[in-house]
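Here subunit A shows up in two complexes: once beside subunit B, once beside subunit C.
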Partner chain A sequence: MRAGGTKTGLSYIDKNTPVHRLTGASKLLMVLFLSLSAMITFDTRLLAIIVVLSFILFVVSRVPLREMKMIAGFLVFILAMNTIITYLFAPEEGVRIYGTRTEIFHIIGRYYITQEQLFYQFNQTLKYLAILPLALIFFVTTEPSEFAASLNKIGVNYKIAYSVTLALRYIPTVMREYREISQAQQARGVDLSKNVKITTRVRGMVSIMFPLIITSIDRIDRIANAMELRSFGKNKTRTWYQSRPFKKVDYFVITLSALLIVAAIVMGIINGGRFLNPFV
Partner chain B sequence: MQPIISFENFTFQYRAQKEPSLADINLSINQGEKVLIAGASGSGKSTLANCINGLIPFNHKGTASGSCKVNGVDTSKLSVFELSKIVGTVLQDTDGQFVGLTAGEDIAFSLENNCLPKEEMLPQVKTAACKTGIGDAFLDTSPFDLSGGQKQRVSMAGILVDDIQILLFDEPLASLDPSTGKNTIALIDKIRHDTSKTVIIIEHRLEDVLYRDVDRVVIMHDGRIVSDMPTAKLLSGSLLREHGLREPLYISAMRYAGIAPAEEHKLARIDQLTLSQGDKATIKNWYQNLPPAEAEQNQQELLRVSNLNFTYPSKDRTLQNISFTITRGEMTAIVGTNGAGKSTMAKLICGFEQLDSGKIELFGQDITEETIFNRAKHIGYVMQNPNQMICKPMIFDEVALGLVNQGIDEAEIKQRVEATLEICGLHPFRNWPVSALSYGQKKRVTIASVLVMNPEIIILDEPTAGQDYRHYTEIMEFLKALQAKGVTVLLITHDMHLMLEYAPRALVFSGGNLVADLPSATLLCDPVLSEKASLKETSLFHLAAECEIDDPAAFTRCFIEYERAKS
Partner chain C sequence: MFAQTLSVKTIVAIGIGTALFFLLARFASIPVFANTTLTFQYALLAFFAVLFGPIAGLIIGLAGHILTDLHFGWGLWWSWIIVSGVVGFAFGVMMKGVNVDEGEFEKKSSIIRFIVCSAIIHVISWGVIAPVLDILIYSQPANRVFTQGLIASIGNIITTAVVGTILLFAYSKAKPKTGSLSKDR
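Presenting the complex of A and B:
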């Protein structure tokens, strides 16, 4: 889908970088392994390593920041919300985890700023900073048609994996149909603007969704026949036009990211838990 | 020689149907033959195709008796997958059957499912793409950047990658414009000559398929085979008309002139038609004795578009400096290639999109700034697929929707809806659920739901797409009756018969410009302009030239008038 992709910033951008050259499957495994290790550990040193790795990958894959503005803004917003909500609901979580209490100052009621809470939330933020760029990198550097092949390669059933391709293939069609139906219904007085009551808007949505669902069911039926007439579902496995053979660098990347999971577990044993405790 | 396909006393009844959809089918097709299976909607021709490719009995359940053999084996003993190695099917929906994210991926689909190693795929994909004229450059192209004709070529390549023996085309012309359709027929013929595969085409647009040689035509009617004979023999008889199919226009013209079409005329293809000097004189004479076609009388101006400019949201295309007027009570065709701007023009008139500059006036009043809903009280818009418009389970509610949204009181709604249903011939069904209606009746419901607003103009997008001759005539006669009541009709269409018979005037869009505004008959007798609009010239044009008639457009108009007066 070199052309015609969506404009959200989450679509493939064709470039020739070492990250682009990795196969989809090894990229998917790398993202999964790195994310998993970042999820397991709260060890600041290890998290810092993963964050640095993921920022290096980000730079190497030459993700154009300008096109990422919208999605990056969104992620920063989520991160900020998450930090605030964590504090509002669990202002003493750090204290509970680290077992000490070093107050810095008091805000109001039960809300204190403590060193432990700051440290805990700092680690939490690191986790997000490690994982989020990785996911972005995967989407931006993997051709959509390689998605399905990669999912299948890491063990997902190909019938399920292929549904990813089908979704990417037909979502734009359904979106165009939605727009057309909505225009024709507006001509019949269906009002979806903010000027009308919420109940009227919901009723309006129904009069667009109803035909959209009917025509989509028709389409699914036709697609299913077309696929079956070309042997989809015949065998237990299938091969992929878009798949590429693993090279040395693929094995290297997978091994390295798997090692980070091992490191996360080892650090857990050394630290006597998921948390590195500088307060004792 | 053993036939590659043979039906013997074959009968099939879908599980949900009361009557068999196929009855007593006896048919055999030999290796290398090219056969056209024609018939009206509901004649059973698609069911027959599904029996050959195995969708029946494997996906569509029902009861069958008799035998249906492909390659000497009863299809019920094979599977869809085994059959797909013998029979390659190209379906009519060019977009729906494109399942890959690039052309190359789509062509490789069957190879992938048969677990061919990746390295072996690429050369096979390239060879298949080459056979259907898709260049290597297109292999990485996404379906969103391919035209309908190109997608169809990809689908053909997608079945040619397998070494199949039978190519089965299910209504290959249904979603194409006439010019692209003509290329498709030529391509099918080329593939057949290059590969000597058996070709079966299911289609009701006979004249268009006969652009290239066909060995035999099988006609189906009510689930039975009513005729199975060589093309030329069929055309000299009257079977086509009896079974709701359209006879090629040049043959009708010969009949009207008093020539009995016979095999020695080489009727199957217009470019091979052989007429004696006497025949030519007879036709010319017939034409000269016809009253000249009436010129249109000028009427009150209804809609005026002046100096309209529009840039698409994607910014890569524009409509430039469009001006035209529509007079009250006329029926006009808007034609042109896909993407030439005809649908966009309709959307601008309806207010779905906003123009950059220019003016749209209705009855001399500027409506450029009016909302969609306010315009809808004067301008109705009917989408191509009725399922895209219908949103209420009951017919009455569906037609009433626009009025309910206007806040009109119940008594008036009831009265207006019933009156509209009466006009549309739907009154007996007013309390039925929409789902009980046929496709054509649903189409009428959508027209009714627009008409109930009492618009002065209705715009219809491809009103006859996918309709056979009988349903097509039904819809168009209905629109003509509306026109007689004073409703102005604008039709976005690729259908040449529709233009010739119903829409005297055509607006031709090409590359975002209005390139011509002229009588339809003149357009279809102009090969260059027709090509520009993705149409093709009518066979009457060739007949007129053959008979040395100076004004083919006038000949065409007279023919249409004569035919109309006759029926």
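Presenting the complex of A and C:
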């Protein structure tokens, strides 16, 4: 994956930070638990805690500035789009959820700005901010081969874990192949641009996908034969070159993120629902 | 666990299929009109699910969609990830018994079955399951998610039914079948 460079956004960057030193399994559990608790709750305080935590991790893991810039631009775009679309489709969603209506001012037609709507959309934005950096941190700080070991460690069957590693390993390869086939077909007159009819574009796409699939099926046969020759899958378990033993800090991180899920559920019980309602 | 029974070939197919799903979802799109593009990852997902079975379809859908979401950088949108897995699984189950390697996809009945399956699967998954999960998990407004789901299912039906059928048919034609050799006299 290192060959894929920074533009894939999924690539491991070798550094020595506390986040890099955590085992892959505990990072994976942390990402899963944190995004799960951000998914469950709409409690503003809890969401704010998760946002702060993931931004601290972001800084500690020293993700390069260039990646941050790209992500930040994208983040702002997605948040803005989402906010606008949600408002256009459901300007009264907040009123429906919180059960009260405090108008601030009237724009046009059925579009009012209400405190409830602002609060609801603010919470939605926090939810995005909470889950967004987490996955990126995981991929930037975990080596692909340790990723398979960590999937296996948290209970995913090693065969499935291995196929995920295969996917990560072969993304750059199939990308290169796609580019080659696409250029070869374009040299032969295939046009995918807006200059031709949509049906021609679809047919052009098929003429790229078909050779890609045929070579991929061949590749599958070759890899599968090589793996069978080495007796892959004969045993119920396997060991991993990259797996590391848990340290104290790993247990600490797992416990902390598990506690946040508990907090999300407890808050749900205290607030009498997923939403914290300041309007009653 | 079910995974222990998977053949080595299926495991490799899951890996390569996931890589291809990601590639098609992220880099291979054709413009339709302003700001709208057509992507073909669900045609590929259907292809792999028909060839390698429901478990392969399920995992390619889940893992491929997760990688795509990560790469777009908008975080993991779990409701649609789950639905991608469901789509792959459903194609594997509903097309069970059609042995493409032995030329069974060249029959008219198999092709019609595939097109009907695409329509049913995409309407139920994007038009019903995805919006309902959006509402349950993310408390999104109902009219917004159902409109999104409707658009997604129409696009996916078209790409899967057209491109998926062509790919499966062409692959089946290109593959040498058992007993296709005859002795020269």
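In this section, the second predicted complex is superposed on the first by the 267 of 280 C-alpha atoms of A that agree within 3 Å, B and C clash if a C-alpha of one lies under 4 Å from a C-alpha of the other, contacts with A are read in each partner's own complex, and residues count from 1 in each chain.
Simple rule for what comes next: a residue touches a chain if its C-beta (ideal position, glycine included) is under 8 Å from a C-beta of that chain, and two chains touch if they have at least 3 such contacts.
Quantities reported herein were computed from a predicted structural model and do not represent experimental measurements.
S.K.: Does subunit B (first) or subunit C (second) touch A:Tyr178, or do both, or does neither?
M.R.: In the superposition, A:Tyr178 touches subunit C alone.
S.K.: So in the superposed three-chain picture, is A:Gln186 touching just subunit B, just subunit C, both, or none of them (first/second/both/neither)?
M.R.: First partner only, subunit B.
S.K.: According to the stated criteria, A:Leu28 is in contact with first (subunit B), second (subunit C), both, or neither; which is it?
M.R.: A:Leu28 contacts neither subunit B nor subunit C.
S.K.: Per the contact definition in the header, classify A:Thr239: touching subunit B only (first), subunit C only (second), both, or neither.
M.R.: The answer is first: A:Thr239 touches subunit B but not subunit C.
S.K.: Report for A:Leu276: first if it touches subunit B alone, second if subunit C alone, otherwise both or neither.
M.R.: So A:Leu276 meets neither subunit B nor subunit C here.
S.K.: A:Met68 contacts which: subunit B (first), subunit C (second), both, neither?
M.R.: Neither: A:Met68 stays clear of subunit B and subunit C.
S.K.: After lining up the shared chain so the two structures overlap, which partner does A:Phe139 touch, if you call subunit B first and subunit C second: first, second, both or neither?
M.R.: In the superposition, A:Phe139 contacts subunit C only.
S.K.: Looking only at contacts as defined up top, I'd like to know whether subunit B or subunit C touches more of subunit A.
M.R.: C
S.K.: Determine, under the contact definition given at the top, whether A:Lys194 touches first (subunit B), second (subunit C), both, or neither.
M.R.: Only subunit C is touched by A:Lys194; subunit B is not.
S.K.: Would you check which partner chain A:Asp218 touches, where first means subunit B only, second means subunit C only, and both and neither mean what they say?
M.R.: A:Asp218: touches subunit B, not subunit C.
S.K.: Check subunit A for residues that touch subunit B in one structure and subunit C in the other, and list them.
M.R.: Looking at subunit A, the two contact sets intersect at 165-166, 168-169, 173, 206, 208, 210, 214, 219, 223, 227-228, 232-233.
S.K.: Under the stated contact criterion, what part of subunit B meets subunit A in this complex?
M.R.: Per the stated touch rule, the residues are 53-55, 59, 80-81, 84, 89, 91, 93, 95-102, 104-105, 108-118, 121, 125, 140-145, 158-159, 347, 350-352, 372-373, 375-376, 380-381, 383, 385, 387-392, 401-402, 404-406, 449-450, 453.
S.K.: Along subunit A, where are the residues that touch subunit B in the complex?
M.R.: 1-4, 144-145, 165-166, 168-169, 172-173, 177, 180-181, 183-191, 206-208, 210-211, 214-215, 218-219, 222-223, 225-235, 237-243, 245
S.K.: Which residues of subunit C touch subunit A in their complex?
M.R.: Those residues of subunit C that touch subunit A are 1, 3-4, 6-9, 11-16, 18-20, 22-24, 27-28, 30-32, 38, 40, 43-44, 47, 59, 63-64, 67, 69-76, 78, 137-144, 147, 159, 162-163, 166-167, 170-171, 174.
S.K.: For the complex, give me every residue of subunit A touching subunit C.
M.R.: 8-10, 35, 39, 42, 70-71, 74-75, 78, 85-86, 89-90, 93, 97, 124, 127-128, 131-132, 134-136, 139, 157, 159-160, 162-171, 173-175, 178, 182, 192-194, 198, 201-202, 204-206, 208-210, 212-214, 216-217, 219-221, 223-224, 227-228, 232-233, 236, 274-275
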